[in-house]
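The structures come next, written out as structure tokens.
Each of the next two complexes has subunit A plus one other chain: subunit B in the first, subunit C in the second.
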Partner chain A sequence: MHQTGINRFQRRVLPLAVLLFVIISWYIISLFVPSNSVFPSPVDVFFGFLEEAGSGRLANDLIASLFRVTAGFFLAVFLGIPLGLWMGVQPFARAALLPTINFFRNLSPLAWIPFAILWFGIGDAPAVFLIFMAAFFPIVLATIAAVGNIPAVYFRVGSDYGMNRWEILKNITFPAIAPQVITSLRVTAGLSWLVVVAAEMIAGNDGLGFAIWDARNGLRMDLLVSGMIVIGLIGVILDRVLVQLTEIPSIRWGYER
Partner chain B sequence: MSDKLIHVQNVSHSFGNTTVLENVNLTISRGEFIAIVGPSGCGKTTLLNLISGYENPSSGSISRNGKLRMVYQQDGLLPWLTVIENVGLGIRHLRDAEEKNRQLKDAIELIGLEGFEQHYPHQLSGGMRQRVELARALTGESDILLMDEPFSALDYLTRIKMRNELVRLLKERPRTVILVTHDIEEAAQLADRIIPLTTRPATILTEKRIELEKPRSLTDPIVTEAVHDLLISLSPGSLPATEKTGIKAEEN
Partner chain C sequence: MLYKYLLKWLFGAIAFLLILALLRFQPWQHLNSSLWGETSQTRIESLDVGFLPVTCHLTCPVTDYASRTSIDFRFDSQRYTDFPTMVESIRSGRLEATFMIVPLAMKLREQGVPVRIVYLGHRDGSTVMVRPDLNINNLQDLRGKRFAIPSKYSNQYLVIRRLMSEQGVNPEEINFVELPPPDMPGALSARAIDAYFVGEPFAARAELSGTGKILYHAKDIWPNFISCALVVHENLINRRPEVVADLVRGIAESGEWAENNREEAARIAAPYFRQDEAVVRHVLTRPPDRVSFQMLTPTDEELQRIHDIALESGILDKPVSMQALVDRSFIPEVIRPRTFNN
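Moving on to the complex of A and B:
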């Protein structure tokens, strides 16, 4: 993560310059495309954003999407990490389940959309189900891999110092897999945020994904782009939040070598 | 408690069809410093693992009297624990918080890492990490220190420094030591008895006693002579023929 050759000022200013360049280019192109229902200008989008924010619809959609992602993602975490741990330590369980987990890992969660609607209807449940399907399998696989990567010497140290099985799990296995598992949580949280948009476009009546689909149906491209920008920004913020976990002192070591 | 802390009797060990150790006999008394030397893959570490009880021998018996502590080659420190937490592993069940803190403070002082208590291993140099390993192994009750190539991951000068450090620590906290190393200089500088293992299947043919006060200078004639003799017994032909070759190894 260490960047060399640029100073702090440049690090701050360069991204803003690129952003400004993109917006200005966008504006100039929009001048040559007369119909703002095909190519809205940044000004249209800005006013569209104010309209959505002012009516309270934006906040409503935002909360709906965040709730679904949180529910589906945490469900995947709380079921996926224990399953991964168990498979990581039990060769029997690994041999039995790994091919199945791998199959579902490689099956696009979006392929479940028809069943999600059929089984759960419209609203929170199908989206939570799809997010779970997207996040659960990668988390299981990452946890298995993390357990497999623990150097044997840590377990030896644990038993040298008289730890019992529970202490070894709590004091050796958990902290040893934490960095790798957190990396996978960052990836799957991003994946969940991608999936919620798709889920809401098809099986929602609110949420940011529904909002942009609704805007498209109403030919309000300004609202559509405003929704896209919000979705992108929230994705970045989610990742920034999870990155904080990697700064915890007892976890930092995992990213230092 | 008996004065014979470790007694290895007619021990042979195989992995599958490969016999690694054959008919090894070894007795170690309280306070001795033993070095087991030999080329990589000769079975030194296997012998140490048998002595520690981590593995059971295919045949023969090993008796241990006293509590063992192991010092690993590198990265035996738990990276998610601070220096002080690592050092305290052996006394984590101590009820008396005051006594515990006193012992931890002593241990940190012993290795001269005051101010680094809250650092994590990855924030330390290789030499500092190995000092923390030593402090951890020497904190709390133990009789026998088993060391598996403890300094082999360090650079040459740091390694020499760590040998003196180990001698100093053992003066403060006497322990019976079994050191496994491929570094003959290290063995000659530290050990009272040096046991060269032959190539596979390894057995003990000779042993070399060095009776010289510690700390020993690396260039002390007795040390250099021991290095010379060990090189010849471990790897005949590794030295060019010089007038020194005439010196007879003192073997028993």
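Moving on to the complex of A and C:
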């Protein structure tokens, strides 16, 4: 990643300037909208945020959402990557399962909401299930594709060195697919965060998604917007954390073009 | 090299999940309470009762509030945000008592879900709102306009259909759209819709902000209008009939109390609804007969009337027997206003 023509100072200041511009225009527009029940001003939102944070609801909702997304996402990773690896190396399994996986991958996880409520009730379990449904299939497909992209010559070299199947997996397949799989983890983690918010709106009794749904039902636009801002910020932080994965020295090769 | 890093990440991720799980479930709290001898045996029994944050369901949180001082039984009001989720909870057996729009209860019964209407939650309490700039004085003025209803299984829709045929407007002359009640005031002020009919406080919100004009109160077009009833699953009736009787008495007494203590009722219900107390108070007091919590025993005739319009407009596919649907055996003969011991 070469950023030409931009120095460090500009890289720090430009985003802040945009942010400031957005908030100021938001404030000016809100002056012209008579009712803050339709369009809250940044000041309303700030006090709404303080109210939520002060009552402890915000912390509770934040923990609930993060827990669900982490649990569902890990479940998808720990089941998805092995399945993808297996399907990647076994043409038989690939031929048998790929169409089904593709089918489910194209189904919006939100379509499962009624079943999630029927099977798991309301609370953590349905949201974890929905996140799993959102993340699992893309991870499987990305892993299969990554295995398929390994040049055949790598394996030939491996067997020339007399590696057994386990050693090939450990020393060739896994390092070779790591960059591509990590990229897909970053994408699916973002997807999971989108889904947890939507899932909690319907099958929840706490969580950030529920909080904004509830604010809407209570006609509290200020709380709604403050919830939206928190959701967006957490999404950005999650992505920043996962970007660190691509900085691992023996993986970075996959990102340098 | 690679594995060293991946292991580090793996442990970090697992630690993150564990910390979140600890914060979420706070196991030390259970530990604490068991240390202090508060075991599950001594915990008081409770029943979940579903409701939506609308003033038609006001008696539900009031009953919850009143049962908080009870030493042996508690009614936990469970706030839902929409009827489909409520229906799925009932089907899966996780919710056995709830407030619900009457035609939806009939639909469930028709589909073989054994629910019974044991009581009503309110009378009246819905309002037809129109855009103030359009000069609309009756339904004929709404020809060709867009009219929002909460659900086609709502009694609001059925009543409007009935009123249209009384005023000589054909069903296809008004363009009906289903819209979630909280979105209605905003849609009206944005002129995306021209009118709506919904349970309070979603009409009062537009009235208070001046973006809507009241066309009809429910009491003006269908006296003693019913939108929601207390619906109980037969499993609960068979297993714990005394609990159902307690619940019905609780609702009845809470209604009797709320009828004459409206400001106080708004104060109690607003936190349960998580709505602005001023809006709830407005609905309950201006005018006071906008919504009523008395005369909550449903008669076969009035339910039959709703049923017949539902059948006629295709909401129901086959008739539902009122005998199977309604169970009035839990309604107390004498209803005293609820007293609060706190």
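Everything below uses one rule, namely that the second predicted complex is superposed on the first by the 256 of 257 C-alpha atoms of A that agree within 3 Å, B and C clash if a C-alpha of one lies under 4 Å from a C-alpha of the other, contacts with A are read in each partner's own complex, and residues count from 1 in each chain.
Going forward, contacts are C-beta pairs under 8 Å (C-beta built on N, C-alpha and C of every residue); 3 or more make two chains touch, one makes a residue touch a chain.
All of these numbers come straight from a predicted model, not from anything done at the bench.
When the two complexes are overlaid on their common chain A, residue A:N217 makes contact with subunit C while staying clear of subunit B.
In the overlay built on the shared chain, the residue A:A176 is in contact with subunit B alone; subunit C does not reach it.
A count of residues in subunit A touched by subunit B and by subunit C gives the higher number to C.
In the superposition on chain A, A:D160 makes contact with subunit B only, not with subunit C.
Contacts of A:W253 after superposition: subunit B is touched, whereas subunit C is not reached.
Put simply, subunit A uses residues 175, 178, 249-251 to touch subunit B in one complex and subunit C in the other. Of all residues in subunit A, those touching subunit C in their complex are 35, 37-38, 63-64, 66-67, 70-71, 74, 114, 117-119, 121-122, 124, 174-175, 178, 201-203, 205, 213-214, 216-220, 245, 248-251. Looking at the complex, you find that subunit A touches subunit B at residues 151, 153-154, 156-157, 160-162, 171-172, 175-176, 178, 249-254, 256-257. Residues of subunit B touching subunit A in their complex: 54, 69-70, 72, 75-76, 78-81, 89-90, 92-93, 120-122.
For subunit C in complex with subunit A, the touching residues are 1-2, 5-6, 9, 13, 16-17, 20-21, 23-24, 53, 78-79, 81-82, 84-85, 88-89, 91-92, 94, 182-183, 185-186, 189-190, 201-202, 205, 209-211, 273-276, 279.
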